[in-house]
Amino acid sequence: MNGEDNKIVAFCCEHSAYPVANKAGRMRLHYPDNVRIICVPCAGRVDVQHILKAFEKGAAGVLVMGCQEGACQHLTGNTRAKERVKYTESLLKEVGIDGGRVRMVNLAPDMAQRFIDEVKEMAEKIEGR
Amino acid sequence: MQVRIGIFICNCGKSLNNIDFPKVKERVEKFQDVVYVDLSPTLCLKEGREGMLSAIRERDVNRVVIAACSPELKENVFGKALEEAGLNYNFLSMANIREQCSWAHEGDVTEKALELVRMAANKARFLQPVEKKDISVNKEILVVGGGFSGMKSALELSGLGLRTTLVERESALGGKLGEFEGFYGIETTPEEMLSSTRKAVEENGDIKVLTSAEITRVEGQAGDFTVRIRTGEKQVSQSFGAIIFATGYVTKILPQDFELKPEVNIISQRKLVDMLQAPERLERRPGTIGFVLDVSDENSRLPILFTLNNALAVKERLGSEVYVFCKSLKVDSEGVEKLYREARERGVVFLKFEEKPRISKEDGRVKVEARDVLLGEEVTLLCDFLVAEEKVLPPEGTEALSSMLNIRTDSRGFYQDENVHLYPVASERKGIFFVAGCKGDLDFTRTSTDISSAAMSIYKLLSPEKAIVEVEKVKVEPEKCRACLTCVRVCPHGAIQMVRVDTEKEVAKIYDHACDGCGICAAICPAKAIRFEGYADEQILAEVEAIGESL
Amino acid sequence: MIIAKRKPLEEIKNMLSGYKKILVVGCRTCVTICWAGGEKEVGILSSQLKLASSGEGNELSILEATVERQCEKEMVIEELRDKVQEVEAILSMGCGAGAQTIAEIFEEKPVFPALNTTFIGMPEAEGVWVEKCGTCGDCMLYWTGGICPVVRCAKGLLNGPCGGTRKGGKCEIDPEKDCAWVLIYRRLEKQGRLDLMRKYYEPKNYRAVQRPGRVEAATA
Amino acid sequence: MAIQFREALKTKDFIVTAEAGPVKGANTEKVQGHIELLKDRVDALNVTDNQSSVMRYPSLGTCLLVKEHGGEPIFQVTCRDRNRLAIQADLLFAYSRGVDNVLCLTGDSIDVGDHREAKPVFDLDSTQLIHLVHTLNSGKDMVGNELDGGVDFCIGASATPSADPIEPQLVKFQKKLDAGVDFIQTQAIYDLDEFKRFMEHARKMNDKTKILAGIVLLVGARMAAFMNENVPGIFVPQYLIDELAQAPKGTGLSKGIEIAGRLIRQIREEEICDGVHIMAIGREERVPEILEAAGL
């Protein structure tokens, strides 16, 4: 365990990021165990409030992980998610939480390594905060 | 109803060694509302499932948490098991302790596994039943546009046993195929292709043809569209299961591209075709014919097809010298590369320019001056006729149609594929398809692929007599809805419309069959009036809450 | 409808300084529709306040409520009566009328506005609202082609455009905004009613509404 | 100044006015210098009113200085900073001190100035202001009360010949002419062909009102390009920008003076309109050179 205070919540789109995480597991590509994956039907389902609540409950970082740009199953879901993440960053900045701790990540179904890199990067970022 | 959670943990044939399962079992027993916990090595196998079934019945479990492999794999199996046990299939919440826990990390992950189970249990507490409903599917299809593609679509659907109504704005079927003189290397002339297709349509008992008719309104969703069709003064409403739009394109010589207004010897492809069909009417055989491409629109496939076919026809029938001025001839359509080679072999000269050629008149002929980038020289050509490039444009009314359908067009005004990778023929509204010319980028192979895939998609979409839909899985709560239209505007699938409930207040309504379950509306609703069962706010937040709770 | 915009968090935090228990009250009418003070925005602001205060080491205790129409006394009383007892201060996410209604009912509790009420307008695109009416009490849309020069002209001119019109008919102060008088001209021209614009209009009666305004229905 | 401005309007073939820009502060030495320099060379000095919405020494105060120096002032009144009470009061005061020429303007927007958070007044618009001055001239105030001691103002207004689109501007221009003005002062003009077309319109609308073409001194190609981009209603043709750009370094201003002089000369020789109003914007001391270049 990396410690109770350093959890990362990853909202993962069921069309891309969620299966990518499974793939990483199947390939035994290990990544920090402080990430908690919440499956969503589309990155566009993730709301500002969900992200804020994660921080309220003590998460140190949030990843919103959706499909590649231009490849969203629901056309605009991932671009909306990107906008929302940007907006959430501004809200977090107002409360003194550094913007880099919420991130939008676009993944194709075969990007297991990229998934891991993103999780690791976030883990390192919050480690050093 | 009191929530009674049963937690079933699977250790995957004792293969997940970095989780201390007895400890997990012991700890989760203390979770709120948990009435039963079981540890099994093979929950997905028959004996495992049977154990689960009897436990559910005996312990009166009404919410099931399964901690096992990824729900991708066995969620359906477990959902059916719940139904067997008399529970709604949606009363299932899964914790992925294999792919996303045991296999994903090194060392002991018992604590993480516990937390994943806690997340699933938290969510389980808020699960609501989702009913499934059979809706009867209308198998009648509407095809809009009676050109070659529209007729082909109707015929193809008929081949699949589907009845169609074919609506054409003009007074006769036909469209623009007749504007081609011929296809090099194909015996059948476009005229013959058209007339045989038209005949097939007219003789086909499954196809009802309405000419001089237009659609004025489209309501409803896939499986059950209500379309208003106007024929002359008369308007009728009819129901269809799906709609194919084959509304085509128009071509136009843009005056700004050719400084000389099209006149006697600057002609359109259509005019050239007329000449080719009746060469005897020409006063004298034209010695030189020029074509200009890539001025209006680079990389447009249709003008290139026209040019290559017609250039070859000129060579064959008039024997004139043929010059094609172009910038970057796009030959990516099937067979076009071959056509291009053929044209070169037959003596058609291609001249590549960077800067737009200058066109003027001299002694009753057309003078084209351009700098050929391959020769690196100024080229001057006097031709008897210059065939001007025609820009491919969406037909009149496209804008009105797309706003009526609430479907976007691309920057040129053509319809786009919903997603070129995932659904190349579907539109963003389920049950509505666009084929061929109205997407602006047609060649014949693409057109016929489009038509076949649209027909197959419709066949598949409407194949069950009764489609099973989840009822109100995503639902607007009428009393909370403020009718702000946000969801109507953002729904990528056009699945939300305003309706009157009890004729009192206008509220948003989500049509189950059209909804694709993305939840964008639920996230954006400023009144929090949209509930997405399975991904409802309180369910997602319950999972989030588990993070902060001490175990 | 009334359009409002949330204040910056810093300003809200300063208003609330010294209070530990807060009730955040949204409104389900106009400010919900303009994404400023509905149930969702109440949730976001509450989350922000909790995060900010816990970051500073003294977490606020926050109750949330959303009233059907914050400018209706009965609705406010019904929804808030009990919750108000548990808090020291109320943060209104309604328009100015809503905040004042709450303040009038619960006189013993301080009421703070979380929104800036900006104008009466309509949605122009998803998430974008534009001003349309200045509540002048003396509507003149009938001779301006249905375009209000009082608010849509930056200077509220009544007899035509100022000399500041930018190229293409844009406003002096903002090249993104249309000059209202160019719009009026074009609309009236289209309708063949340009004679209306050629007439001289007297200075406006700015007392058409006697402030503070009060309207009594003609019949009971 | 031999004759009053209103007399000059009636009798002179070619009217020349210049702008006097009030200072920021109470030290009026500089503006007094400009007044002294120009008062006998032009038919009137036109005093701006918090020009560009930048707070300055008042227009009326500066008008009084012009008076003190024996010059002929034109009092610019904008509707931006004063409501109808204040405007009427200021006009009465002006008249009582011998300031009897008034230029009625809407005024720039508050947003372009240096006090951007101020409340914009615009109780009246320029057309209504013209009507108001007429009302005062008739011996009554706006609500019909008799005035003890009437006024008699010579009234001017503005026009923007280079506006795009021009049609709505012409509607307003017509309203101003209909309201009754003695003179019109235009926004800066550079393209004389375009200005001639405007004048054709204007003459058709009313051939009695005197029209003074606005001449803004260009100090270089950059300023010209900047005005094209940023100052609504002003259009400097490319050939003038090129001419300025080709001038040797350090001679941009002289080139600008030369251009201004040339424009004035052409307007006068071709009798395009009735006179000019020279706006030297901060270079008032160079106005005599412009006049010289124009052959005046």
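Order of writing sets the labels: A, B, C and D. Residues in every chain begin at 1.
In this text, a residue touches a chain if its C-beta (ideal position, glycine included) is under 8 Å from a C-beta of that chain, and two chains touch if they have at least 3 such contacts.
Bear in mind that the values here come from a model prediction, so they are computed numbers and not experimental data.
Connectivity note: excluding subunit C, the chains that remain group by touching as A, B | D.
The greatest centre-to-centre distance from subunit B, using averaged C-alpha positions, is reached by D.
For the interfaces A-C and C-D, the C-beta contact count is higher for C-D.
A straight line joining the Cα centres of subunit A and subunit C is 36 Å long. Look at where the CA atoms of subunit B average out and do the same for subunit D: the two points lie 63 Å apart.
Between subunit B and subunit C the centroid-to-centroid distance comes to 41 Å (mean Cα coordinates, whole Å). Annotation for subunit C: residues touching 2 or more other chains are 40, 43.
Counting partner chains per residue, subunit A shows two or more touched chains at residues 47, 49, 53, 56.
Shown for subunit B are the residues that touch two or more other chains, namely 490. The touch graph of these protein chains has some other shape, matching none of line, ring, star or complete. Looking at which chains touch one another, you get A-B, A-C, B-C, C-D. Taken in their complex, subunit B has these residues touching subunit A: 70-72, 96, 98-107, 109, 111-112, 115-116, 119, 418-419, 421-422, 428, 490, 492-493, 516-520, 522-524, 532, 534-535, 537, 540-541, 543-545, 547-548. Touching subunit B in their complex are the following residues of subunit A: 1, 7, 9, 18-19, 21-22, 24-26, 28-33, 36-42, 44-47, 49-50, 53-54, 56-59, 71-77, 80, 84.
Contact residues of subunit C toward subunit B in the complex are 28-29, 32-33, 35, 38-41, 43, 123, 126.
Listed in rising order, the residues of subunit D touching subunit C in the complex are 80, 84, 106-109, 111-112, 120, 122-128, 131-132, 142, 158-160, 163-165, 167-169, 171-172, 174-175, 178-179, 187, 232-233.
Listing the residues of subunit C that touch subunit D in their complex gives 154-169, 172-174, 179, 181-182, 184-185, 189, 194, 197-198, 200-203, 206.
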